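Chain nomenclature is as follows: A, B, C and D, assigned in order of appearance, with residue numbering initiated at 1 for each chain independently.
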């Protein structure tokens, strides 16, 4: 469904993403791994339109999406989270979710005055949906707390919830489990697996290898901006280049 | 919220109640004590206070002491409107001295007219003030006269072609319009015309542009601050021309600021002889009250305005605006103040003859 | 006529070098702390007024000596700004800092009005015709202005490239969080920035006052141009500030030859507007992005 | 009483103006330092049209529309700029508009200003018109308050806040942030235009010096003091500031000291801004954090 062809992105002299090509087929949950600075997040920014690519093509459901602004890409069904959590701190937990509902009529000014009933109905439906997502996330009790007051892990969950609210076709998660405790990780895994059953595709960056192995059907490995390998978790574990990419770094780090 | 508003209002009225004490006869004054015109406002105020002191020393008005309630207008029209509303409603004053600067004056005109309050101006020159209404008077001659004066001066000096520059505000533009009409009608030619912004510190580009026209004379209708800066910078840039200026820059302050660059400037001003006993006594009183201070621009007009007002209040049959207005018209007939004859015409304007001033040896003197 | 244009360009360079002096302090503060300091203009004004105070009775120091306490006090104001307002606000949201700096600017400007009045003031320097090169006139003060700007920028260049302090300063403006982890003495760097910014602004203010005159709005008026210089040069970039300052000075002066001088400011503003639109991140753009 | 009417009218006009800026600054997080331009455009447009014989209500509506269009004109090119850059662009825009008022003398009469701006016949010009004027201005302020309250309490208002809190998140959630911000600026500008219209027909004389950066700072102070991003904040701020300014007139000060009053007042305003940011950045009223912000 997502095709990436010969994508390159330079920052000045630095090539962050170097001629990367791959496609996300029918795989339900795919992972993207690689050492720090290997260009994973940059690639996510390119897919979601936050960075403009220098060369190459990206298409989604057979339509070209590179060059489109982020909000259009989001409306086409690719919804993302960010590496560092980005909740809306002043808004309540519930509003964080309701705000994410796509295509709200009430987000235009005129319908507020000319079709208030319709806006109110839509708002009620969105609230209903948001409440049920809060239920799933286990955050119901915190619905009127400002999102900025939630714990880090809860904020991560809320971000996932926000993505769910947006009716995505493909979810892009940038390190969803970084910095949260094991109990919450299990909770998250359950949520993601449930999602996968509802035919939503997931593409995630993750450093937690056991988790990646458990969740993902297919794994892509990046190093220094290039895609060096792709395959099933088992294949990845046994691939010498991948091991070298990781171990090499660790060796360097140990010597430094 | 409500509590806050009401308590503020309550405090406002509480304080205002004791403001004008019995036994006083008060008039109001909207004066630019702050803001960009504060340079002048302080001088106006001092001149007015000088006159008030003299009036009180001479026994006040009908045995009551005379008082001027000053309200600052921050040199803006918004401030002027607030100030005059306060003077009219809270202090209930029948006569008010209007703010300097024609644009501020024009903003308060309709209010005075609507409330039938006598409004006097001592330095607002815009021609349109004549049309303000029957309660508005000014002891300062209209621009119309001054523009004609400058045009005549230019002609009499034999300049057929001049560069015209003026401060880009209501006063400058109004004056320049009159000058242009008069000068071109008499066969003069304006080679280049450029306004300069008010209150800047660098006019070199404007001067260069004037210089590039190689004029023999430049008519520069501007204020002290702007005038001094232009003269100084022109001097530094080697622009040697005859500068012709208006009355607003006729001040010792101009010489202070521009030094020898101001030497030789010729200008016009609504003339009044400095040899009259009225002027001499003003000058003496000024030096006594404010030793070491030079008489401010338009100070004499402010002084005359207050003196004339006192006369009108003295002769008015009551303290109502209408009576004061009547009295003012009456006492002004043939009144000779520091600045000459102050007889009001039907528009509330005074006549004036224009004299010529020049700067010689670092002093302002009459140009003959 | 060529003399006319040359003279306009010369004037532009003089004006521009002063804008650049103002801009560089703004740029340094922006570079490290990432906010636009509205009260920077007041450092300019205070510099000028303080020099006037020390050079006129009752203190009446000769001008070249009066500059020293004036600059010291300006630096004091700069450091006080940081100490009492900006340091406590460092973790606040950007709009709070911006509003606080607007408030500070208003406070300091009205302080000038309180002490010296709104009246125009000037140093009573002996007046003389400028020095003539061909048909170009330039005054001694103007030469001093350009030379000082050159000197200040050379010193700054040396400081930034040749000294340890300069290196840590540059590191900090690249990444403030990383630098504090790397063991750079943040307090020292902060002080340096404010001292440099105040000295540049104060000296520029004194020079500008010597060249023209003093009024409470002088800082605010020059500040808009300095902002423009910073933005044109790329925020946080010191050399950009120099180029931006000169560019604005020359453009606005040259424009007078072609359009009415009333629109002199209009042209430089319009230019800022257009250039911002074409190059939203200035001439020397810095890579920005999401994280 | 006239004086009280006058203060109330001025305070109400400023409360409209402050509310309109609050929509941009408080709710959307747009640092618009050129807001006075739209106040000025509204005032000039309505004054010029009504002086040339257009019926006043029509002139007022056109003027409000023009202010809104001018808002779009500012928004379209500048909204791509990030925070500080946008602030400078708006500041510069306002200075340019000011210079146009000052120098396009054939249209605006330049520094001479526009005197004798008419008022509707049923209001009239005399002293007796003040209570009626107050009623009209109060009505306008109330309408502004209600409309802006509906707008900000809606899903639209929520997306404004989403943009304020995190524009990237808004984009990632499919919000067309550019369009939404443009709408906020157009709406804010139109209401600023309304305030300008009321101002012009109340004072009946306008000149370019009424529309300067100074006024933007004053209205910024109103918002910050009252509480940005709240409904009552700008209103309370406007009333506090206007009443405070008038209150100072009643402190008996010997005339030789009056020249210190305005600088001190300015210093106090500046000090309040700084102290508010240090001690209570949310203003007198704080924006309700959390809770449900929508009821549409």
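Keep in mind that, in the parts below, a contact is a pair of C-beta atoms (placed from the backbone, for glycine too) under 8 Å apart; a residue touches a chain by one contact, two chains touch by 3 or more.
On a predicted model such as this, the values are computed, not experimentally measured, just so you know.
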Message: Applying the touch definition from the top, give me the chains sitting in contact with each of subunit B and subunit C.
response: D
- prompt: What is the minimum number of touch steps required to go from subunit C to subunit D?
  reply: 1
Message: On a CA-centroid basis, which chain has its centre farthest from subunit B's?
response: A
Field: Central chain (by mean CA position)
entry: D
- request: State, to the nearest whole Å, the distance from the C-alpha centre of subunit A to the C-alpha centre of subunit C.
  value: 45
- prompt: What is the distance in Å between the mean C-alpha positions of subunit A and subunit D?
  reply: 41
Query: Measuring from the mean C-alpha position of subunit B to the mean C-alpha position of subunit D, what distance in angstrom results?
result: 33
Query: Taking each chain's centre as the mean position of its Cα atoms, how many Å separate subunit A from subunit B?
result: 71
Field: subunit B: positions in contact with at least two other chains
entry: 34-35, 38, 42, 168, 195
Statement: Multi-chain contacts in subunit A, i.e. residues touching at least two other chains, fall at 50, 82
- prompt: Which subunit C residues touch at least two other chains?
  reply: 113, 117, 260, 262, 265, 290
- line: Given the complex, residues on subunit D that touch subunit C span 25, 29, 31, 77-78, 80-85, 87-89, 91-93, 95-96, 99-100, 102-103, 168, 213, 217, 220, 224, 259-260, 262-267, 269-274, 276-278, 281
Query: Considering the complex alone, what residue numbers of subunit C touch subunit D?
result: 30, 35-36, 85, 88-89, 92-100, 102-111, 113-114, 117, 220, 224, 227-228, 231, 235, 260, 262-263, 265-266, 269-270, 272-273, 276-277, 280-281, 288, 290
- prompt: Taking the complex as given, what residues does subunit D use to touch subunit B?
  reply: 1-4, 6-7, 10, 102-103, 105, 110-113, 115-116, 125-127, 203-207, 209-210, 232, 235-236, 239-240, 243, 245-247, 249-252, 255, 258-259, 261-263
Field: subunit B - residues contacting subunit D, complex
entry: 1, 4-5, 8-9, 11-12, 15-16, 19, 33-35, 38, 42, 45, 49, 70-72, 74, 76-78, 81-83, 85-86, 88-90, 102-103, 106-107, 109-110, 114-115, 126, 128, 168-170, 172-174, 195
Message: With touch defined as at the start, can you tell me which subunit A residues reach subunit D in the complex?
response: 48-50, 69-72, 74-75, 79-82, 86, 88-95, 98-100, 102-109, 112-113, 116, 119-120, 122-123, 144-149, 162, 166
